[in-house]
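In the part that follows, the structures are each spelled out as structure tokens.
Each of the next two complexes has chain A plus one other chain: chain B in the first, chain C in the second.
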Partner chain A sequence: MQDTVLIVGAGPAGLSAASTVTASGYKAVVVEKEEILGGAPIISGYAKLVPSGEWAKDAIGRMVSRVEEDSGVTIHKGAKVESLDGEVGSFTAKLSNGETVTAGAIVLATGFTHFDSINKPEWGFGTFEDVLTTTQMEQMVSTGKIACPSDGRVPERVAILLCVGSRDRQIGREWCSKICCTVSANLAMEIKEISPETDVFIYYMDIRTFGLYEDKFYWKSQEEFKTKFVKARIAEVTASPDGRLLVKGEDTLVKRPIIIPFDIVVHAIGMDPNEDNPEIAKVFGIGLEKHGFIERAEHYTNTCGTTRRGIYSCGAAYGPETIDDSISQGAAAASRAVADLNALVQKAS
Partner chain B sequence: MATYAEMQQIYDDIRGDFRYDSELNGCLNCGICTATCPAAHFYDYSPREIVQLLWTENVEQIYDAMQEKIWACAQCMTCAARCPFKNSPGGLVAIMREVAIKHEMQSAKDVLRPFGRVMLKLITTGNQLSPDMIQPDHFPDWGPNIQKVEGDLSVLRKAIPVKTLQTVETAWEVSLKTSVEMYTIWEMTGVMKSLELMDENLFDVIEDFIDEKREEYEEWLEEQEDED
Partner chain C sequence: MAIHEKSLIEPDRLQTTESLVVDGVDVSGSWNTMITPRYLRDYDDDFEKTIQKYGGGENVHRCWQCGSCTNSCTMYAQNVQFNPRYWIYLTRLGLKDEIVKDKDIIWQCVSCNKCTNICPKDVRPEGVMKALAHWMEDQGITEKSPSSHFDETFWEEIYHTGRIEDAAVMMGFFKRTNQPLVQEWLVLFGQRMMKYLPVSQLLKMGLNFIVTPRTKSWGKTGEVLKAYVEEQKEAAHG
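Moving on to the complex of A and B:
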């Protein structure tokens, strides 16, 4: 149908794209592989979002209900696109639920996959109960209580390790995941707010609280919440006989190796390309860039485009991205898709 | 104390080594190499510092580090296994040591002197290792806990075959042919040259020994021909 845009993925980018399409007077069909809408912030149970400070379930929840209440949007949950025929103006997609969707243009808002910390065994995830990921820690923050999973005690010291699954050639991940520095500074403040007796240390290689996040997160976490930043990449996490975690690193500014006891160690996990990307690339006939994210068309004149005409992408599908920018890019990609539909209408008349 | 030109030459020799570019890509200064380095816990040695000095071409500090620090590295290469940039600080230290020897640095001579006896022993009798030679009794530095992880070796080896087990009988004695081949390798790869630069007396003793062995080998070859 020349009045429909197919949107794959219903995270912040996809939800934004769907609303932009209907606001432009066209119809949107949203295909989401999970049974619920909202993407990573909802499925992984993020706590308060950067930079608004609003709870994810409220902020992204509002985007979900806007789409669910939109009569111009058809939603397929628990479904994937299995095959695609046609070209710009007349795509036909077959879905795993047996349905067929015809659309003039497509927006892939297929996002990312959280790095699996099991791939860095030296940092103790999966070995020690009190080693968690940022998403698990956010879930703990959402419960309103900070406690060690092993025995429920209130932690005296929490370590957040940055760049877990990012900036690491040893495991083939050479990109910066962009958001983890700010998310970790935010998390440190949330932990301190709930549990004032807990001290939070952040271990970093570089701090990248870019743009307006510098004072609102990096400075504030130090000035108001006494978060300690240590320039060190941790070599390994082990356990002491009394059940605490031992974090071994070099304080590179003091220049000596250190071993420090902690009660909870949090991995600030990075953003991997969506694990389905090889399949997505095959089904939609598009390219992937060298890290495995979706490849852009011409960078400046077709920045929302993929390598196939009529198929656009946005957000973390293109590489690590913030929620705010994913929302903007979703709207931008939808505009390009709508422009394709407009061109068809003009051609017909 | 070396002149600046000499220190620059030493750096240029390190930089010019064919391995250099694959061992050093840059540095994020994260310190995981130093954190994981066994030597850094006991000595005034930091692999990150070595990498940083080389990367920033600090020829004076590089020269200074070559006096003592680089000799603390145990060449375990854990740094290389951990580095998120895939540098090899241990590999760089290996290059620096070779350059220190090439320049006949007094520090290198001082550090290596106690190993003269080991060197003589290694070159004249070989250093073969077969699986059965690795016994806890011979390695007190493994500590008392090694007994706990040790099981019945003959049973364990049936479960996990050791590829070099056939050497158990033969490894104690080095064949003449192997020795002579090793001498040639050492000569061609510059080991003997390094030895000469570091300790001329030791070099002479070993050189005499090698000549003797070669003669022995020639004689043995002639005997073989005569028999044919």
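Moving on to the complex of A and C:
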């Protein structure tokens, strides 16, 4: 149908795209593989978002209800696109729930997959109960109580290890995941706020709190919340006989090896390409870039394009992205899709 | 067997014993030398707060280790061991033992304040150097510097009498720093004063030196001042 945009994925980018399509007077069909809408911030239970400081369930929840209440949006939950035929102006998608969707243009808002810390076993995730990921720590923050999972004690010290699953050739992840530095600084402040007796240490190689995140998160966490930043890439996390964790590495500023006791170690996990990307690339007939994210078309005049005409993308599907920028890009991709439909209408009349 | 890289190891890490048994095996003799590891084992989480209570150390927690202080430092240009950035980092993490290793150079800061002017985070490194030097004096890690002795003599004079008697301060300072009370330049200075100062002035000075008068109503004023000083000390250092 020439009046419909198919949107794959209902995270911040997809929800934003859907609302933009209907606001432009067209229809949106949203296909989401999970049973709930909202994407990573909702499914993984993020706490307060950067930079607004609003709880994810409130902020993203607002986007979800806006789409759910929108009569111009048809939603398919728990469904995937299994095959796609046609071309720009007349795509036909067959869904896993047996439905068929016809659309003039497509927006892939398929997002990312959190790095699985099991792939860095030397840092103790999966071995020690008190080694967590940032998403797990966010869930703990959401409960309003900071405690060691192993025995419920209040941690004296929390270590956040940056670049877990990012900037690491050993595991084939050569990209910077962009948001972890800021998210970690934000998390450090949230931990201190809930548990003032807990000291938070962030182990870094570089701090990349780009743009306005610099003073609002990095400086603030350091100056107002006494977060300590230690320049060391950690070699391994082990257990000490007293039940605490030992963080081992080289403090490159002191030029000395360190073995420091901690109560909780948090992995600031990076953003992997969506684990379904090979399948998505095959179904939609689009290319992936060398890391496995969706390949961007020439950006200057084909904004939000992919390698196939009529199919657009946005947000973390293209590579690590912030929630705010994913939302903007969702709107941008929707505009491109709508423009295609509009061109068809003009041509027909 | 000899350890060939001994020159690379700090002497205090070389542990040599007469007889040594490891896991039930006698390794005395040529295997009697062990090297203790260089691991840093813990942080002192309260040390930063301690230094922040000293004047000048208040902003130490702002540091992000850019190194502007060290690269602008007058003393660093003379001695690469003089590294304000490094000491600030140690202070933040509470690596006290490492700071104490540099006790004989930290006080060498000449207070040119180039670091304080250049610091993008307004850490005021010059103040941190002062704070560290004062902390080490307070802990007895370093001996009191001559300037601290002078400050204390000067201060005590005011504290007790509400005024400064130059000659008394000078003598007190000489005593504290184990200097002879009669010094050549001082004799010459005295002779010239006798020669050129009016007799009445000389008499007044001599009398003041002997009886050390107090400022009028110093009893009450002094007590208020002393109470205030105690209060401030309490607030700063608990």
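Rule of thumb we're sticking to: the second predicted complex is superposed on the first by the 349 of 349 C-alpha atoms of A that agree within 3 Å, B and C clash if a C-alpha of one lies under 4 Å from a C-alpha of the other, contacts with A are read in each partner's own complex, and residues count from 1 in each chain.
Just so we're on the same page, a contact is a pair of C-beta atoms (placed from the backbone, for glycine too) under 8 Å apart; a residue touches a chain by one contact, two chains touch by 3 or more.
Given the structure is predicted, the values throughout are model-derived calculations rather than measurements.
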| item | value |
| --- | --- |
| Three-chain arrangement built on chain A, chain B and chain C clash or fit | fit |
| Partner chain in contact with A:L6 - chain B first, chain C second, else both or neither | neither |
| Partner chain(s) touched by A:D251 [first = chain B, second = chain C, both, neither] | both |
| Vertex chain A, arms to chain B and chain C (CA centres, degrees, nearest 10) | 60 |
| Touched partner set for A:I323, first chain B, second chain C, both or neither | neither |
| Touching partner for A:E223 - first (chain B), second (chain C), both, neither | second |
| First (chain B), second (chain C), both or neither touched by A:A232 | first |
| Touching partner for A:D199 - first (chain B), second (chain C), both, neither | second |
| Touching partner for A:R169 - first (chain B), second (chain C), both, neither | first |
| Closest Cα approach, chain C to chain B, once both complexes are overlaid on chain A (Å) | 5 |
| Common interface residues of chain A - those touching chain B in one complex and chain C in the other | 231, 251, 257-258 |
| Residue ranges of chain A touching chain B (in the complex, touch as defined) | 122, 163, 167-170, 205-206, 231-236, 248-252, 255, 257-258 |
| Of chain B, residues touching chain A in the complex | 28-37, 40-41, 46, 48-49, 81-86 |
| Touching residues on chain C, where the partner in the complex is chain A | 37-43, 45, 48, 61-62, 64-65, 86, 89-90, 92-93, 95, 98, 121 |
| Interfacial residue positions of chain A with respect to chain C in the complex | 156-157, 199, 201, 207, 218-219, 222-223, 226, 228-231, 251, 253-254, 256-261 |
